[in-house]
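Let me begin by presenting the structure, written as structure tokens, before commenting on it.
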Amino acid sequence: MERGFDKPREGCGVFAVAGRSPSVAASQLAYLGLFALQHRGQESAGIAVSDGTTIRIHKGMGLVPEVFKGEDLSGLPGCLSAGHVRYSTTGGSRLENAQPILGTCRLGTIAVAHNGNLVNARSLSRALQEEGAILQSSSDSELFLHLLARSGRRDIESALIQSMQSVVGAYSLVVLSADRVIALRDPLGIRPLVVGEMEDAYIFASETCALDALNARFIRDLGPGEMACATREGLTISQAVPSGKQALCVFEFIYFARPDSIIEGSNVHIVRKRLGEALAREYPVDADMVIAAPDSGISAAIGFAEAAGIPYDTGLARNRYIGRTFIRPTQEMREMGVKIKLNPISDLVRDKRVVIVDDSIVRGTTSAKTVGMLRSAGARSVHMYIASPPIRFPCFYGIDTSDQGQLIAAQLDTGDIQRRIGADGLGYLSLDGLISAVGTSKGLCLACLTGEYPTELC
Amino acid sequence: MERGFDKPREGCGVFAVAGRSPSVAASQLAYLGLFALQHRGQESAGIAVSDGTTIRIHKGMGLVPEVFKGEDLSGLPGCLSAGHVRYSTTGGSRLENAQPILGTCRLGTIAVAHNGNLVNARSLSRALQEEGAILQSSSDSELFLHLLARSGRRDIESALIQSMQSVVGAYSLVVLSADRVIALRDPLGIRPLVVGEMEDAYIFASETCALDALNARFIRDLGPGEMACATREGLTISQAVPSGKQALCVFEFIYFARPDSIIEGSNVHIVRKRLGEALAREYPVDADMVIAAPDSGISAAIGFAEAAGIPYDTGLARNRYIGRTFIRPTQEMREMGVKIKLNPISDLVRDKRVVIVDDSIVRGTTSAKTVGMLRSAGARSVHMYIASPPIRFPCFYGIDTSDQGQLIAAQLDTGDIQRRIGADGLGYLSLDGLISAVGTSKGLCLACLTGEYPTELC
Amino acid sequence: MERGFDKPREGCGVFAVAGRSPSVAASQLAYLGLFALQHRGQESAGIAVSDGTTIRIHKGMGLVPEVFKGEDLSGLPGCLSAGHVRYSTTGGSRLENAQPILGTCRLGTIAVAHNGNLVNARSLSRALQEEGAILQSSSDSELFLHLLARSGRRDIESALIQSMQSVVGAYSLVVLSADRVIALRDPLGIRPLVVGEMEDAYIFASETCALDALNARFIRDLGPGEMACATREGLTISQAVPSGKQALCVFEFIYFARPDSIIEGSNVHIVRKRLGEALAREYPVDADMVIAAPDSGISAAIGFAEAAGIPYDTGLARNRYIGRTFIRPTQEMREMGVKIKLNPISDLVRDKRVVIVDDSIVRGTTSAKTVGMLRSAGARSVHMYIASPPIRFPCFYGIDTSDQGQLIAAQLDTGDIQRRIGADGLGYLSLDGLISAVGTSKGLCLACLTGEYPTELC
Amino acid sequence: MERGFDKPREGCGVFAVAGRSPSVAASQLAYLGLFALQHRGQESAGIAVSDGTTIRIHKGMGLVPEVFKGEDLSGLPGCLSAGHVRYSTTGGSRLENAQPILGTCRLGTIAVAHNGNLVNARSLSRALQEEGAILQSSSDSELFLHLLARSGRRDIESALIQSMQSVVGAYSLVVLSADRVIALRDPLGIRPLVVGEMEDAYIFASETCALDALNARFIRDLGPGEMACATREGLTISQAVPSGKQALCVFEFIYFARPDSIIEGSNVHIVRKRLGEALAREYPVDADMVIAAPDSGISAAIGFAEAAGIPYDTGLARNRYIGRTFIRPTQEMREMGVKIKLNPISDLVRDKRVVIVDDSIVRGTTSAKTVGMLRSAGARSVHMYIASPPIRFPCFYGIDTSDQGQLIAAQLDTGDIQRRIGADGLGYLSLDGLISAVGTSKGLCLACLTGEYPTELC
């Protein structure tokens, strides 16, 4: 529950290790790497390993340290591994959907872990079933496994390249077979995926923070449509499918990625600071302090404060111990106004003009609650600024932004939203402000902001 | 593991509810209140409740949401409760020491929960055993229970007052009997304890943040040597033992308490900002950014940055998912330099002159590691400033500051410490700076800084 | 660990409910039915249910009452169910192999639970993989699911009939789809399967004892090659594939089935008594008492005692509390002669001539230990009689009789075995004695005794 | 739930090891010994060990193999141990009452485990509380601990002897201190306690079956009022308090003890057979078969069958897998007649005159159900014979025979009971028959049969 219920919800993180020596403990490295990617998914975690012959897997519901205990790792010998963390939703969370997905087919035993979302998953699933396939989960990883199994090709790389012809959408994939680890990225490069290196191993990971966790060296982002294959012989990277321009999900910068990660050459924290700076320029305001909606608004709030010349402060204290098993308060207690997660620092904000900076608004309920708290705590005024444009369109590439009916910005204009959340002012970052702040030379997917989708939608 | 291994370690939080109506769900309120006090202890948690006749208890190892599941609370009916969270140490953590401690004696069945440390626990324990007592735990709560049981008095309040004659040290205590809740505080008021009120209940808590969690109204701090007794008839507060001047543990302000709590009239976050401001005044420095040692240095760092006119930033990303069950990396992995908890944002600190502000140093190992990380990330210089004077003396009142041999400031002078941790500069806040920043009219216990203990030491 | 390590090991039990009214709690009935079949498998248990639209499943490692807790059953609504218990082996026990196996294919979502073993599983699996199938477990149930998914047929019954053309071996199958429950039995009827009826539901079960548990009425054994389909409209039974003569596994009578079950018209306990009577006639012996190897030898021992006119007694006390998690004694303790499970009643057997009757011998290690115990307890002589002929050949139809190299009777003749186990006499029942004692009009599979297999072996 | 709900319920088993060499793994031996005593208590289990200096303890709810996992035993180093199993009741089972009870007092740290019941527990508890004691459980063991702590004596043996002056009732006690293990038995020897020996250790146990489990040599029963003390120097046994004649609980023979145990020189199984023989002589009957109420009636049924010249058979199949967590069937299902535990073998009893032998009747509900089952299965007649006289009086020495209002024989005469349970005949063993069958030279406690209690009742 650490990540916000009222935030876009990320679709997973992937991690893989291709050791070049039997002494590489691929499951332990995957444990640390997945733990560094925990912010990308808290629902389930899994690691598959190969000792060169046999592939073993362990997965379960919960955080990485909840799923893996000491003996679990030692039961996963081998120097090749692929791992996955999955995001947490309220319903429909089942062990069957935990990844990696493992199966045996004519290409051998294969484990697949996937970040992203295929837009043609439904039709693909139907077509596969027509041809006799059985689906045991609702994960896109299993679809990849079926495409591999049905490819006429006799080697996994060729089979993967062939499979990429059939799928449309976002996929950053790591694939483990007995003797190799393969990573690949969809032709638009919608979800991130990086390649790194340790003394005796190649690493693939959703974000660079997982390389840092292992003190691994960053090699490069895997490019759109590229496939990397690591074996004991070494690493090869090839253009598996042609790629036009990239369409990297802009919300990786705005919200998903860890601030210490570097995506396509840009550090996430610094990009977020620039978002805050741009926001401050777009909305000159006279205020006593700038605070962040914890924790995702911190970087942008610092940037806003600096650019606006208003002191940054921490006006909301956050309880960091909340976990999956927290007992929700009864309706009666909620009516009493119990506060589980956030508490305003009243002596700080009392009689002050407060600017609060958040990264985004999805449904608006949390924003309303936060503004209300600050008012109750005595703030003279509360202006809210959002470090991204309004989210008006659904995402089909792996982010759960709720359905369009729940997107407040798809229903109301900014004035109405301001009234709904009870702020004295509300400002969203402009699209231009966003693009120039991100400043990556690569293309971005802005579909949830503009409605212009980079792929067909099936 | 959320709280620092290389920090002073707090000795627990207490919480109690005295409902005036049978409809008050005292166990649910205690659950929320203890959760708000979770930062004071992560080792074990427990709640005892009374339904007017029977006292029931549930306690276990772990965080509040790990110890209590839905059915556990519904098995604790009643409108009176007393709860406890206990701190986490590496060894010696046993269920027997979880509190509240429950026992039946001539005064009836009584539950006791205690924050603090008795300096005469050993001699008291020996004397009690000589008189025939059996001790089933090593907790001071059990000693109170024995004193109550052996008092000649026929009512709990008198027995408690009598018991207070026998004990020396720090104790903020909540006591539950079938029909009442009693709270009391040692004559020096070493540990905090506050009284609050909801529509139908009185609340006692270690910190005001637990009142805020329930949306309860703050009444006042319980004074040194005071005892409060809440029954269905109402609340009475009396001076149980005479009190000279107060000796409130200054580390409640510096490190333990949550930033949103108010202690003796002062908001903790604001006090910490003032510590940072004073520190900036004592150490004028030319630098590019001020960062905090996360998370305990944040408030002071913001104050420092403001006073020094240097931008505040977040130079270290923190992994928030670490929990009790995290599998420690092998020695081999530690040598590889794996990073579990903190990662510097290299693109931010590279070639920059960085000031890092922390609240305190105990053993210095974490400080050295953090400075090292910033250097590896390319910082041109790293100056560390500490928002408290050096800890040179052990605490006997409930804080585990390690034994004196491990206190780096008891062994080395500041210059040596600076070299040890590898910083380009190191400055501690002066004692005067500390006192004026705290600015409370009440007396403070500064024993770990000055060696002047407010009680005899037995 | 309740069932013997040194015994043939059964391959599972199946159970299904087809309620004719929404009020039938199919998961609760399956729970009770599977619990009655627990002797057929202690490794894992699972129940799938359909509420007419959605199929849900819960499965896990362990005994039925360990896998299912109260809330698990209430999370399985619906009046149709299929369940499974799986046998316990030392290695290779994995959750992935727990049944029922659930998958979605062009025929919809289907759950399959299987008792038996396909002799062409390997070649079938290879062929399916060649055609693009992915196998996620090593269970034969998954093979059936693949055959169903690949059948050109549009209804499950036809698809099942077609699938039966492709498989060779033993299968008593229950299949659950959204709106129906289907049961079928291989053309030789190797494993048992019965049909029963309650007020509002049809029941399929491996043994009649599961019908008795629900107080359900026995309708009839499902015949070899028959398929039964139960929907809300009623029950139809048809001859799915032609069947020559039956080849019912004789070890269902000798060892597997519960004594209160009735197989093909014969009560198991009474058959076993007749085995013991026949044995007594074949080996006239002068002795003081007849005891049973607990518990599987009891029925035969009673029959032997009656026929021989020697008193039956219980010479070995058995500890009934042993479970999956028992900590095995160290090598050192085993050398001390610690006794976990059995203890002779020394005062009873001392100086007595003891006959011990067991149902079968697989590896002989337990027999040797038991004879040794009785000798140490002072028995003057120990004669062992076995209520079945020697097991000389491996089973390919779902019984784990160890590989042939471990079958003592495949290596040694009876005299050598007698010396190996240290008995004063050893006698196996003759094949003729067995056949006439079983006395069923239906044909039996005697392959493990004779080496004549009723199917090709692939 | 393995032991009958409608049976007298035993109050616990005790076990202790006094190794004479540091290599003795006292916790592992205790684990095996307690497992052999599991029939005496299934509610909780615990082991305390001493390594000569420190006493450690592990206890929990459930069966021995559920409470202790591999690492739990290795966390209990030392060559001295004391352990306990506690019986299972429906309510009031709490971890606080699990034994051994551990405490530190002026005699050092001591663990106490107790089988039996003090009749003056209440007044003792009140008196102790008046003197300032705190009681943390409702176990008699804690009372002993208080008496030890309050004794003026400076050594544990003297303190124990003094304590024995204060208590009235049944107690077979094992006591562990840092350097010794002490066992003692009340002056009437109500509960059993034996002394045994291994190569390097002395053993104390409730029953000899626990010695057999370790392959330990039986030395002798500890006599009434005797105390044994084992240290590294050796074993001493002394008469701690004077003893008149013994009053051994006769239900140890009738029901509680394991059939392979030897109590005061008599093997339990053989005694039970004699009870059955005596019963057959008292009730000559013409019948087709004698069956046992499983499992407690088996020995007596065999004896009855032999003496009556009627064949013994097993007419009721029992499901052995039932455990603590079994989900009770709903009321609706109970009305359907679901059978969880027992199932008659209909083909065996149909049209037969059946004699069923049970060891005792407490409330009669199970007897009625069993008789009903046999009738439904087609038995022509069902005669029930009970291998003990009617239980008409409550036990105050550690057996839960329900309160007198629930004892069917305290309410109804035999004819009425026969009608109530629906049998064609019902016969209880006579008191003389019982006494001569038990045939021990030692005195017996027959209080629940005669109302003559061997102690004052307080």
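Per-chain residue numbering starts at 1, and chain names A, B, C and D are given in the order in which the chains are listed.
Quick note on the criterion: a contact is a pair of C-beta atoms (placed from the backbone, for glycine too) under 8 Å apart; a residue touches a chain by one contact, two chains touch by 3 or more.
Remember, predicted model here, so these are calculated numbers, not experimental data.
**Q** Going by the contact rule set out at the top, which chains touch both chain C and chain D?
**A** The common neighbours do not exist; no chain touches both.
**Q** So which chain is farthest from chain A, going by the mean of the CA atoms in each chain?
**A** Between chain A and every other chain, the largest centroid distance is to D.
**Q** Quick check: how many Å separate the C-alpha centres of chain B and chain D?
**A** 49
**Q** CA centre of chain A versus CA centre of chain D: separation in Å?
**A** For chain A versus chain D, the centre distance works out to 60 Å.
**Q** Cα centroid separation between chain A and chain B, in whole Å?
**A** From the centre of chain A to the centre of chain B is 35 Å.
**Q** Which parts of chain C, given as residue numbers and ranges, touch two or more other chains?
**A** Residues of chain C touching two or more partner chains: there are none.
**Q** If each chain is a dot and touching chains are joined, what shape do you get: line, ring, star, complete or other?
**A** Contact map by chain: ring.
**Q** Identify every two-chain combination in which the chains touch.
**A** Every pair of chains meeting the touch criterion: A-B, A-C, B-D, C-D.
**Q** For chain C, which residues are in contact with chain D within the complex?
**A** 2, 25, 28-29, 31-32, 35-36, 38-39, 42, 63-66, 68-70, 73, 198-199, 209, 212-215, 258-260, 262, 267, 269-270, 273, 295, 298-299, 302, 306, 311-314, 317, 319-323, 325-327, 329-330, 333, 336-340, 343-348
**Q** Going by the contact rule set out above, which residues of chain A touch chain C in the complex?
**A** 101-106, 129-136, 142, 145-146, 149-150
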